[in-house]
Structures are given as structure tokens and as C-alpha cells.
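Common to both upcoming complexes is subunit A, partnered first by subunit B, then by subunit C.
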Partner chain A sequence: MDLSDSVLDHLRVVAALPDLTGTRYELEGEIGRGGMGVVYRARDRQLGRRVALKVLDSALAGEAPLIARLEHPAIVPIYEAGTLPDGRAYYAMKLVAGTRLDWYVAKSLSLAERLRVVRRVGEALALAHSRGAIHRDLKPQNVMVGEFGEVYVMDWGVEAVAGTPAFRAPEPSLDERSDIYALGALLEFVLPAPPPPALGAIARKAMNADRSLRYPDVTAWLADIERFQEGLAVEAWREPPLHKVRRFWSRNALLLWLLTAYAAVKFLLFFWGRR
Partner chain B sequence: MNKILVGLLAGLILGAIDGATAWFYPETRPVIGGILVGSSFKGMLVGLASGWFARKVQSTKWGIVVGAALGLLFAFGVAAMDAAKGRQHYLEIMLPGFITGAIIGFSTQRASTPRSAS
Partner chain C sequence: MDSDTAIGGPHDQFPSTQRWLLGAAASGLPNEALERVAALYWKPVYRFIRLKFRKDSEDAKDLTQGFFASALEREFFARFDPAKASFRTYLRMAVERFAANAHAAENRQKRGGGVEFEPIGEEAAATESPEAAFDREWQRQLFALALDDLRAFCDSAGKRLQWLIFEAYDLEEGDRSSYAALAQRYGIAETSVTNYLAWARRTLRGLVMERMRGVTSGERELREEMRRVWI
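Let's look at the complex of A and B:
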């Protein structure tokens, strides 16, 4: 009985595998499943390299033409798209060896590294929006950090995907500002607790329930992050006067120490000369 | 702003301020005008050299080191000229000169580099 069960299970698994006859790929294993299809690890026999092969549930190539238009270091490049003998669409893309963002930020990372990753995601989104594409389902599970620190945004723009609750904007129809909402949620996710108040404010502004009160575009969001990193006041936060003084001091600490040293030397020399 | 211009301006202002502090020493008040001019000129020379260095090397640390060294060198020259007249003020001239040089070097490194048209 056990044997027949295992045989049946095996047959179910084999039957579910895509038939790659007529393609240059050879299946190696499953990587993951999404709402629109399954991603497999496959071997490109012609070029002798491993690829990620996304087999869609429908005959529509879906996001493939969209992603192919987005040439950016943080967007996984598409190598080829086609149709399987059973009519399902597939596309081959670069197989990213790395860590998912949610696992990556679980390590003890510096704030600068956390910001580098989200800025990279923001840069990819900015390019996509400039080409009229939106992501629709940005979340830590869709961001990979490669072994050399490269960042990849995956699973682009599937119309049918409704987004992941914690990262999905409240509005019913998604647009660029919905991606900005998700970007804010992503920033909030990667920040250490408690986050620096200015960065917390940037995340909150991006996640405003009223989309007209969010950043107008990703470039504005990126500019605010950059202002924070340069020690400048951010647009999203009206900082208290004491914080302003502290920020001014930390931004100009070296110069202020030099001026203090100059004043102290002058003062001491004056009294030393009066002895 | 141009790094050399920043160096010249910072050197002029800091040199003038440094020279003006001579007013607190009654014995130097009769020659305060000459001290102001000389100190401002010295500051501008340090600023010019620091600005030139900042264009070649982008490093706040090395900018401060080179600025301070130049400030010390020029201040030594001024102090040596003063010593030739029989007044030994090496410490009073060289120590502030060292720090103003460091500030000038820092300022030139902080000045933005103009983007070249490509």
C-alpha cells in the first residue's frame, strides 16, 4: 500500500512537471511557486549554464515582455521567452544565487547597508515607472541580495496579483504610488528597531493611506533618503529644534572641533603670554 | 564653488580673523594693519595650495593633514621673520597657523567639485 502511494505521489509530481521538449532546457528542480506559475532551476544545454525558468499557468507570456524592456542592474535579465508543447508560456532568466531580503536583513547589518539595498530597489522601481511599468507586489520575498551584494527585484507587474497585505497599498486600483507605498513598507521592514526618526517618517510618508500625500514619485523618495544620509533635513519630517542642533553638530563635528581647538589655543596663548 | 576659490576665501577670512586677534596684545596694536594684511595673505597662500591639493586628492583626512602642514610651514616663515627682528613668537604664531591651515584644508575638501560636461 505504501509503495503504491509513493508511486502515485511520484507520478503526480512527474505529471505536474513541464514538458520541455523542443526547448534547450533541462529541468533540475523547483525553486518556488507563485500566483501565476512555478519557477524551476533548469540547465541551458546550448550554453551550458543554469537558468531560472518560469512556467506560467496560462498561454500568455505575462510579465516577460515587460521585464525584458527594463534593463537595469537590479532587475533580473530575461534570456528568452517561449511556449511549451502544452501551450503554457515560459521564460528563462538569470538564476540569482543569493539570499532573500527578509533573510538578509535578519543578519546584523549596518544601517548604511540596509539603506543601500532599499535604495537599489528604489532605483529599479524608478526606471520601471519611467517606462510605464509597475511592480504591484513589492515585498522582501521578491528582493534578492546576491553573493556580491547585488540587489535584484523579482516578480514584476503581474496584473492578477493583488499584492501582499502588509506591503499592499489600501487603494483598490494599483499604480506607481502603490509601489511607493510598498517601498515605504519595505523601508520600514529593513530598518532596525527603533528606527531613526527621520527614516521612520520617510517610511510613513510613503505609506500614507491617502495616495496624494505620498511622495509624488520614487525619485523624490530616493532624494529624501539621500538627504538623510548626507545629514540634511528630510522632507518627510519636521524635526524638533534640539534634533536640528544635534544634526548640525554631527554633520559639522569635525569643523566645530577644529574651531573649538582654535579658540582654546588662542585663549590659552593669550593668558600664557600674560604671565 | 571651485575648490581653489573656496581655499582662497577661507584663507582670507581665517587669516584676517587670526591676524585681528593680535589686537588683544597691546604691544602689537601699532602694527595691526600690517599683521592683518600679512596674515590674510598667508591664509590665502595656504588656501590656494590646499585648494589645488583638494582638486588632486579627494580625502578629508589628507586635506586636513596637508592644510595643517602648509599652515604650519607658512606660520613658521612668518615667525622666523619675526624672530629676525628680535621677537620670539614661534608658539603664538605657529600653533594657531597650524589649526587655521587644518580648517582651510577641511573647507577645500568639503567644497563641491564642479561636474565636467561629458
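Let's look at the complex of A and C:
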């Protein structure tokens, strides 16, 4: 059978579309491709709401059932999972409106806002790891920031077929510490250039090629960022003495200024009394 | 079938592949898999050679046939390592090496080492690269084979009407009839048109994947290759 280019392209489209016969969903359009499938915008006819429908390339639902049990504000809730008539697995999720992290950080943001977003991602990962789930493909394209600043980590539990190398740990078999590597890469990605040395060190420690030299868990990574934000020494960086003095000064500036002022007044009163 | 590129030429569509298929079977791959390789890749290889080495139709056919025969003699299929590349890429690169060597040898004979190009025909005037043309022909042939399978399945399963609806809509060039017009033409409800099309597309998808499964090394390669097929 001879096929023209236009018929071939038409077939490539229609044969790829999910067959939603017998489901409660009506296809509206494609949102994006990633991980092991395609995400569509669909309408749930029964509840009259829009959902994101992820259709996987295979019959395996991946970690959808596990992710569905993770309840966290930064993890997109899964409403339902099932199998299409063509054998592909799918799951319906909350349709998130927002901006991808790579676009979001392209705007001029404060360091505090950049750190808020990555910490939120870290908190979601910490919960997932505590329940035995790993992300496997964490990268800016899989993080969304909503219009009210809410952060969502998307595309859980699917091994990147052609993932972005910069965010993927070098080890062939991925585990929780591979997610920590990706968190380090994510932190490095959102930081302004040049980054504060302590934050750069936190990112590098998380991205150590030897997974045993990374943070032992996400909680330890979060704690180091918190230490930085509170003006304390971070675990990842042995700071030079001058930096230590500067940090001590900026952390206790008010007290130090008061002490200096007190000493100055005492000094002046001492000489005034001798006259 | 396009007589110009038909396997074995216009008057002999399939038999010439038989010898090298049997040779490959001896190197460890099942007959069915080898037949699928030949059915799927003959046209892409032919087109790639035509564009890359500017061969006329007959020379390109000879080289294509020669490539598969030579590949089997050298246990080409048995040496395929899925960890290094997809089978499609491995085959295309092997074709390029084979045809380049043959082309160079031919020119040495003719001119004592000089490079000679054949006259540029309509194929060479195409704007796409030989590699892109190879991939495009691979997609086209994959669907053509799956459509043959779908038609045969519809005939044997008593689903002639489903095929006719599908043919009238999805295989139509240019402006497509509306579902309502098709329903009227075949005397069925419009919802039946929707359902028949959904069934035919779903079945076609399965048949495309089945064809691809026969020429890939496992689920991972199959998944990656299918990503190049769907839009």
C-alpha cells in the first residue's frame, strides 16, 4: 500500500491518540510529552471538570498507585488509574495551571524565593522517599509553580528514556540518592550567578559522583539550606576564617553595633571625666 | 505496490529475499523475524542508497539486494548490539559502509580510483537528507505493512464495514468527509462511525507495534522506536 506524506502523518497522529472509549474522559488536547508517555488535557464528563490525563507507552501503570497514596501539597493528586482499550495504562491527575520552573526562574526573583521553591521540591521528595517512592527524573521541566506560588512536582516514578543529562545521576541504577543528585542540580540551576559559596557547596555535595558522599537523605539537604538561611555554617562547606567573621558579624549585627556604641560612649565619658 | 521499489523488482515482488532470509535464520534469528526485517527495511535501504550515492533505480536495487545478502553472509544480524544503537541506526550505518565500499570499488574499476557520480535524478533533487529519507521511508513502510495486516484482519474477522469506514476517512487524501456523511453513505449511525474508527485506529496501533516488535531487541528499544513513529 502506497501512502502519501499527508496520509502517513495523519495516521501517525490518529493511531497515537488514546482511545477513551468506555472511559469517563473526553480528549481536549495534548499538554506535553515526558517520561514514558504523553499528557493530555481531558474533560471528566461525570464530574464536569478538566483533568490532566497521562497515557503511558506501556501497559504498566508505573508507580501511579504508590504516588496516588502520597498526600502532599507539592505532589499533584492522582484521581484515578486504569487501562485504555488499546492496552495502555493511564492515570488522571489534577490539571495544574502554572509555569515550569525553568521559565519561572528566568524572571528576576529574589534568592529567598528561589530557595523557597527548591525547598518545597525537597519536602515533597522527603515525603516520597519516606514511603518508598523515588522520582527518577527530577528536572526543572517537571516542576511547576502556580499563580499563587504553589509548587508541584510532576512526572513521578518514570525512568527518563532520554532525560536531561545535567540532572541525572551518573549511576546506572537509580535510588533515593539519585534524587538527591537531581536536587543538587536543581539548586544549582535556580541559583543566580555567581552563587553564594555556601549554596554552591550544598549543590556540589548533593551532586557528588560518588553517591556515598552525597547527603544521606533529603532531610539533611534541607537542613543545610536552612542553616544557610539562618546565617549558620553549612555542613557542605569549610568556610575561610574571614568569611566566618563576616558571617558572625552579619548574623549578630545589631548586638555588635550596640556593643560598639556602648564602648564608644564609655570611651568618651572616660576622657570627659579626666578633663 | 510501487513497482519501482518493489522487492525483487516489478515482476517479482518477494521471492528474491528468500535466500538471505534463510541465511540469517542459520545465524540464530527466527525466520519470522528475518522476514519482518526484510519487509520493513528493503524500501528504506533502497531509498537511502539512491539519495546518498546518487544511484539509478536498478543500481540501487542491486546494491540493496547485495547489502542484505552480504550482511547475512557476515552474520550481520547476530552481531547487532542493542546496547550501542537501535537496530534501525545499526542497519543504516551498515548500509552506508557497504554502499560506500561498493561505490568506491566500482569507481576504481571504471576510472582507476576517481570518484564518479551518477546523473542526478528526481530522487537526488529531494530536499531531505538521505538519513531523513531513510527514517521517513521506514515510517511509511511500517504503516503500509500494518495497514495490509489490518485489511487482512478485517477480511478474516468479518469487519469489512469497519475497514471501509476507516479507508474512507483515515486513508483519504485531502478533505475528509464528515462522520455524518459517512454514516449516510454506509447507512449506519454516526456513533457507529466514531466507534468503527476508534476500533480501526486502536487495532492499527497494535499492528504497528507488533511489526516493530519483530525488529527490535526488547521493550525499551521498542518504546524508543515507537516514539519516533507517533506524532
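The working rule: the second predicted complex is superposed on the first by the 244 of 275 C-alpha atoms of A that agree within 3 Å, B and C clash if a C-alpha of one lies under 4 Å from a C-alpha of the other, contacts with A are read in each partner's own complex, and residues count from 1 in each chain.
The working rule: a contact is a pair of C-beta atoms (placed from the backbone, for glycine too) under 8 Å apart; a residue touches a chain by one contact, two chains touch by 3 or more.
Just so you know, these numbers come straight off a predicted model, no measurement behind them.
In the superposition on chain A, A:Ser6 makes contact with subunit C only, not with subunit B.
In the superposed model, more residues of subunit A are touched by C than by the other of subunit B and subunit C. Of the two partner chains, subunit C is the only one touched by A:Met36; subunit B is not.
Looking at the shared chain after the overlay, A:Ala261 reaches subunit B, while subunit C stays out of its contact range. In the superposed pair of complexes, A:Ala106 makes contact with neither subunit B nor subunit C. In the superposed model, A:Asp86 lies in contact with subunit C only, and not with subunit B. In the superposed model, A:Leu269 makes contact with subunit B only, not with subunit C.
By the touch criterion defined above, A:Asp19 lies against subunit C but remains apart from subunit B after alignment on the C-alpha atoms of chain A. Within the superposed three-chain model, A:Leu213 lies out of touch with both subunit B and subunit C [touch as defined at top]. Judged by the touch definition given at the top, the superposed model places A:Asp57 against subunit C, while subunit B stays out of reach.
Touching subunit A in their complex are the following residues of subunit C: 1-2, 136, 139-140, 143-144, 147-148, 170-174, 195, 198, 201-202, 204-206, 208, 219-220, 223-224, 226-227, 229-231. Residues of subunit A that touch subunit B in their complex: 254-255, 258-259, 261-262, 265-266, 269-270, 273. For subunit A in complex with subunit C, the touching residues are 1-17, 19, 21, 36, 57-58, 85-87, 161-162. Interface of subunit B with subunit A (complex): residues 21, 24-25, 60, 64, 91-92, 95-96, 99-100, 102-103, 106-107, 110.
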